[in-house]
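First comes the structure, then the notes that go with it.
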Amino acid sequence: MAAVTTAPARAEPNLLIRIASRPTALAGLIVVTVIILLSVLAPLIAPYAPSQLAVRDRLQGPGMAHLMGTDELGRDVFTRVLYSGRTSLTVGFAVVVFASAIGVTLGLVAGFFRRFDAPVSRLIDAMMAFPDILLAIALVAALGPSAANVVIALGIVYAPRLARVVRASTLVIRELPYVEAARALGVPTPVILVRHVLRNVVSPLLVQATFIFANAILAEAGLSFLGVGISPDIPTWGTMISVGRQFLDQAPWIMWFPGGAIILTVLSLQLLGDGLRDFLDPRLAKDV
Amino acid sequence: MLRSALNRLIGMAIVMFLVVTIVFVIVRVTPGDPAAVMLGPDATAEDIASLRERLGLNAPIPVQFLTYFGGILRGDFGQSIFLNIPVTHALWLRAEPTFFLTVFALAIAAAVALPVGVLSAYWRGSAFDQAATMLAMFAASIPSFWLGLIFMQIFAVQLGWFDTSGYGGPGASFAERMHHLVLPAVTLGLISSALITRFTRAAMLDVLNDDYVRTARSKGMSEWRVVVRHAFKNALIPILTVIGLTAALLISGAIVTETVFGLPGVGSLIVSAVLRRDYPVIQGALLVVAGLYVLVNFVIDMLYLLVDPRVRY
Amino acid sequence: QTAGGVIDVATIGEPPTLDPMASTADLVGIITQHIYETLYTFGADWTVTPLLAADMPTISEDGLTYTIPLRTGVTFHDGSEMTSADVVASLDRWMRIASRGKQTAEVIDGIAATDEATVTITLKSPYAPLLSLLSLNNAAAIIIPEENADQDPLESYVGTGPYRLEERVPDQYIQLVRFEDYASRDGEPNGYGGARLQHLDEIRFVPVPDPNTRIEGAVAGQFAYVDQLPVEAYDRIAGGATEPVVLAPFGWPVFVMNTQEGLNSDLRIRKAIQAALAPEDMMLAAFGSEDFFSIDGAWYPDSYAWHTEVATEPYKPMGDTETAMALLAEAGYDGSPLRILTSRQYEYHYKMAQVAQAYLEAAGFKVQMDVVEWATLTQNRADPALWDIYITHSPFLPEPSLMGIMSDSSPGWWATDAKHAAVEAFNAESDPAKRVELFADVQKVIYEEVPAYKVGNFNALAAQAPNLEGVAPAPWPYFWNAYLGDE
Amino acid sequence: MTLDADTILSVRDLRTWFKGRHSIAKAVDGVTFDLKRGKTLAVVGESGSGKSVTSLSIMGLLARPGAIESGQILFRDRQERVHDLARFSQKQFRALRGREIAMIFQEPMTSLNPLYTVGDQIGEMIALHEPISPSEARKRALEMLRHVEIPDAAGRLDDYPHQMSGGMRQRVMIAMALACSPSLLIADEPTTALDVTIQAQILDLLRRLQDQFGMSILFITHNLGVVAEIAHDVVVMYAGRVVEQAPVMELFARQTHPYTRGLLACTPDAERDLGSEGERQALYSIPGSVPPITDLPPGCAFEPRCGYAVPACRNALPPLVKAGENSISRCIRSHEI
Amino acid sequence: MSAPEAPLLDVRGLTKTFVGRNGRTVHAVSDVSFSVRRGTTVGLVGESGSGKTTAGRSVLRLIEPSGGKAVFDGVDLFSLSEREMKAYRKRLQIIFQDPFSSLNPRMRIDAILSEALDAADFARGAARRERIAELLAIVGLSPDHARRFPHEFSGGQRQRIGIARALAVEPEFIVADEPVSALDVSVQAQVLNLLGDLQKRFSLSILFIAHDLSVVEYLCDDVVVMYLGRVMESGPSRKVYANPRHPYTRALLATAPVPDPTRRKARVPLMGDIPSPINPPSGCVFRTRCPMAIEACAQAIPPVEDLGGNHHVACIRHAELA
């Protein structure tokens, strides 16, 4: 007997209010917002220019002149953390967008059209067989190390994960009576896909997206650390750490601050995602 | 049972075939001429042309694919450009540290995560749960190389309990080699434990709300028995899945951790292969690692058959 | 001074090959110099001294014939004895395979075994750098058994050196053990030459590609010797379990210009770059403290005979942005990007590039950085279409002719009449004193034509266990003569 | 704590609330009823009226944040001792559950642990409460399967739950519940998920087992047909409160609360609702819908939907009053109905 | 307009098999025939898994039937292409059991109704707004409910919205798949009354799927009793209820609990469980539980016999029950 399926998310228009009712999720939301604001407003906030050298002021500890100290070329670490945030967040965000574009398409197709389910699912399985960093490394090695290619590589890495989530939700939604009602009315399939399926996949997708955002930031840092990611002359938190690592002893702040920024960002994204998951899609807790 | 095993086996074969195809495609999209890469900067145009001929790079793509696929079926993954040995051999030389690293890391992760996950689900919303959830999330937010560096700084450099890097010299005893794995395994284990903790908690929460748990309680048994015998055993099924997923996570982690700790494992081989443009090694490593992942998940599927009498694929 | 002991030496990575003919990489030279030997080598004062040759060659009056007497009773690791046939076969292979050998082959007329223990080299024209080339340990003219000379790539690692290859596990270690039948020269050790003592039983070269891991290893005292540490780690090393060893000066970083294609084919642009760069900031960023570098426009520091201050005026420690701007205007620079090709294999390359970028931009350049892996860099630099400047470094070589820019075919492709005139005169002269004078002309041409920009002198930092003795600081460290003392 | 000698369970003014951050869900708010020895008391009410929460309160199985706010749950055990379960600790409950009070649930599909055979699960129940060897437990489990009339009981002992149909599983649940001969069986909608023909089998079985084992049954349902089928006495709940209690015959003959009356009237009945030519009379229907239990009116919760409502209904919660020979009702106009 | 005797929908030999996950065939509906006259309600009853939903959905081509035909207003729906079927979609509608999952939680009520009006090519603008208000009024909701989301409604109200959506396209025929079984009894009556009224008002024809026999008896003109994918008995409700001629119908009627303790009688319930549709019994599918089964029942599928007055039964021993 087909199991009785429950409707996935009950829509809650006042999501923000609901998030605000959970302290950890709210904290996550606030921190993420602050970090995004700081990055966006970097040119206004930053006391220096991001690549303004002052070799003679190199490796100065945090102080009044330089909130977070200076790096090995005498650049202001605070400024660079802000500017790096722009790239790191942009990369993370672009990965989410790119991965979603592929993942949603694949997931919808596999979930909605039985015919494509088996082939697409097998493809997803095969893609998931590659550990994320490994696949990303190989793809970056193949495409060449540039920010755009890192985004493409990570997007390809995370797309199957999203596709799985979307497929799973689509499989459930496809069978729901409101989809059937639409078919009974003769609503064209593309409209059904968008209006009924996609719209209800948005919740689990949003939850996943926050986690992928977080993961992408970590992965980018990992790739940069390994020296196979974004070119080091583009400041990202990952590249800052990989450079700062050499001064772990003399000037630990060069690595601490971008590292702290990563941890803070990733942690708050996770808190936010966790909160969203609780509100939007409790069933998802056990999915990938 | 046999039938479902066979079904899974066929599924696995299909996935493996796709894996092989994906790797082929990745290597094909790599810009630049593999022959030119292999021969290095001093090569003449004639050298490159003759190597292309020898490698079959002039054949049509489907023929190339067949040749390549045939090679893989025979266990021939090609020759490392840099190391000048067969890729399989290179991987085999590097297998031991990676194998033990992942096994230890998984053991550590499971030893930490399972009890913590079970208890925080059981005491949902308690201070313990909140602390554990926060900690797990925090652990999952730390870049693994960062944690490795800090451990190295404390335990190897300052306390001197471990070597900072390497895997022992020639003839190093097994114990000595394992000693080198302690820090990397702890690093990797702690970070992976975050994921397993969260999944364990979620799986336990799920089953703790199940009707049969209420039935078990209504029988008048101790909570311990309810949780372990009735709830946990059911939660084990999704947890097994995570452990399978963790296998991939561990290998990703191993790539970074091995690099930090200078372990001569498959992970660091992959990184050096990328830096050295040793495409056959990259390709071979991708295949082997993905193959292992598929295999691990196949084994886990088989475990389902043992644990869960309902599973009939 | 006891015999015995095993040492671990941390190196910067896995050597691409154990055939020193096939590679110019320092790493390959460092390791393989323990296995193979050349006819000549460098003494403590960088003069050429015989190694497998019995003595210095007899050079004919016209400078075209070198008669080299060989030592007898030297055995290879496979037990066979070295004869002139082995030497001739080896040198043939060298001229066929080694990049320096190929370059030398152009002036060599023939190599012949005169008898069992004598080899004669005849030249087409006098060529002073010959002995230095035969002495160098990379792209080295090593002597191997005749029957192995056909191998390419080399498969039997059989040499005459004091240590022989026991086992190689890629990326884990290269294990060398004492060669019991080694025939050492008599007398005292003299740099790379003289007697070679075999105190140690075993030397293991352990690749530790990550510089930070090397530092940690050094601080923790995990290795007897750690090569190529970032100089800024000096204080940490000093506070750790091993002792810092500074080789001062070690070498020079260099910005090589692509004279063949692109922006830098215009001398005025090159001159503008020369004026724009501020070596002091670049060196400071790269090496941290004056203790580890010096600002010096001369291509050889004053500890070398080749040192001369001739023509170094354009070298301005703080740069000269105005002059650069003027030159740039004069060249009619159109704002197309100046492409700097660099890698982070050597972190200081990259840091210098960053500072250079700032100064070049201040002078009006538009700069594009191509930060790639070292392997890619060595590949890309061979293609003139891909770059305008690439960054590398070199230890101070005993013979100026060995410098990359001296060859027309090395990346940069500097080949002008003025260069040829100066270099040929320099190479043809065999009198050392005169050669020093002639080198001043070479340096002058370099400053006039700017095929490359030497940034300064820098020191190398290594670390060594307190009980490791008998290791002389050297650009290519060697461990014969080394022994383990009491702790 | 006084309890009639033939009363086995007496729930007195029980209040079980779920306290949230912003609201209190008064899931059970003043439930009172008595269950006689060897009898079946049916609790009926619509979804959300607090039936399950009542039964979980009795079993001590409330999940947080649910807690008994006030009231008594007096229970007479086999040694004739009377306990107030409202004050029991979990430890005390453990000795009681399964042995004195057993429970079966609505979803036979999910109430059995999928990973153990039915024999194991029945045997476990026995082994928990009696010192018994595994083989002995197995024998007893088999015996119980026979009691619940599972065909080929010996062959099914080692079946897993998923290998059985819903009806079979519900029989297994009953076998498990009765394994230690409890004096009280709580059945929370045990037939709701089953087909009518299977439902009839289970009801039939329960009746026979009651004769055989002599246990009292607290039977929770929302189906008045089932009530008529099995109950001796009936409690009707609405929005967490008991609105009426009466012997089954009395209740169906004459309802003393407008809600009960409405419930019966709105179940279609061909005799009543169809004319001789099959023409339909409109069904009686209760207007409006059940109020949310977090936000109950101060007076009678049924007042907004009630045809008999007078302004007095709105002011205070009507008390439970004697309304018929053996029935009580929470309606101030019960005598007029 | 049409000949009085031609039914609006005539289903003949409807068959639907599913291929289950393990490759085994599920015989969900086998050779089912019934017809729905204009303006009448036909009840489809049977236990869980008997194929009621499958039959209903097949008729609307929401799943592709495996065999048979469904002649609607003279046209066999099963022979139409998906495109031709589109024209018929708005003449046949469906309402569902689960009031929670039958409305898209992310769409406001007006959007849900609007989608249905789109399907009927209803003009946009003020007319549409009026029509939505009218539809809401028809099902007893107020027009200002239009801007709300489904979760803001109770189960009964949601069911009304589902009905409004089906009515929006002015269908002639509605499949109502257990529209009241998820509702509380007090609300159930409201919805039943509504359905009854609407049927009269718009002279709808309804296929009413239910497992509650008293509801069917109350609401339906004809009844079709299914068991394990097959029709056991069909005919006018009054006849079937008063004089069931199939042992299964009999058992169903006997076992259905009646809210009247005085009518509680010692009745023998049917033995055993419903067999699996993967592997239905040979001959008469009911024989494994039939108190009257004889050997002949296993031999052949019993033919459908016409008892006159549109009363049909598929039992070889029906005469004994007369």
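Letters A, B, C, D and E name the chains as they come in the text, with residue numbers starting at 1 for each one.
Simple rule for what comes next: a residue touches a chain if its C-beta (ideal position, glycine included) is under 8 Å from a C-beta of that chain, and two chains touch if they have at least 3 such contacts.
None of the values given here were measured: they were computed from a predicted structure.
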* Using the touch definition from the top, list the chains contacting both subunit B and subunit C. => A
* Name the chain pair with more contacting C-beta pairs, choosing from A-C and A-E. => A-E
* To do: Tell me which chain's centre, taken as the mean of its C-alpha atoms, is farthest from subunit E.
  => C
* Structure fact -> Cα centroid separation, subunit D vs subunit E, in Å, comes to 32
* Structure fact -> subunit C to subunit E, mean C-alpha position gap in Å, rounds to 90
* To do: Find the geometric centre of each of subunit B and subunit E from their Cα atoms only, then give the gap between the two centres in Å, rounded to an integer.
  => 53
* Structure fact -> The positions of subunit C in contact with two or more other chains are 212, 373
* Structure fact -> Residue numbers in subunit E touching two or more further chains are 48
* **Multi-chain contact residues (two or more partners), subunit A** => 227, 245, 248
* Asked: In the complex formed with subunit C, which residues of subunit B make contact?
  -> 37, 40-42, 82-85, 90, 93-94, 149, 152-153, 156-157, 160, 163-167, 169-170, 259-262, 264, 268-269, 272, 274-277
* Provide the residue numbers of subunit A that touch subunit C in the complex, in ascending order. => 51, 53, 55-56, 58-59, 72-74, 145, 227, 231-233, 243, 245-250
* Would you tell me which residues of subunit B are touching subunit D in their complex? => 125, 210-212, 214-223, 230, 233-234, 307-310
* **Residues of subunit E touching subunit D in the complex** => 47-48, 154, 156-157, 184-190, 192-193, 196, 211, 213-215, 217-219, 221, 237-238, 241, 251-252, 255-264, 267, 269-274, 289
* Asked: How about subunit B: which of its residues touch subunit A in the complex?
  -> 11, 14-16, 18-19, 21-22, 26-27, 29-31, 133-134, 137-138, 140-146, 149, 153, 199, 202-203, 205-206, 238, 245, 248-249, 251-253, 255-256, 259, 270-271, 274-275, 277, 282, 285-286, 289-291, 293-294
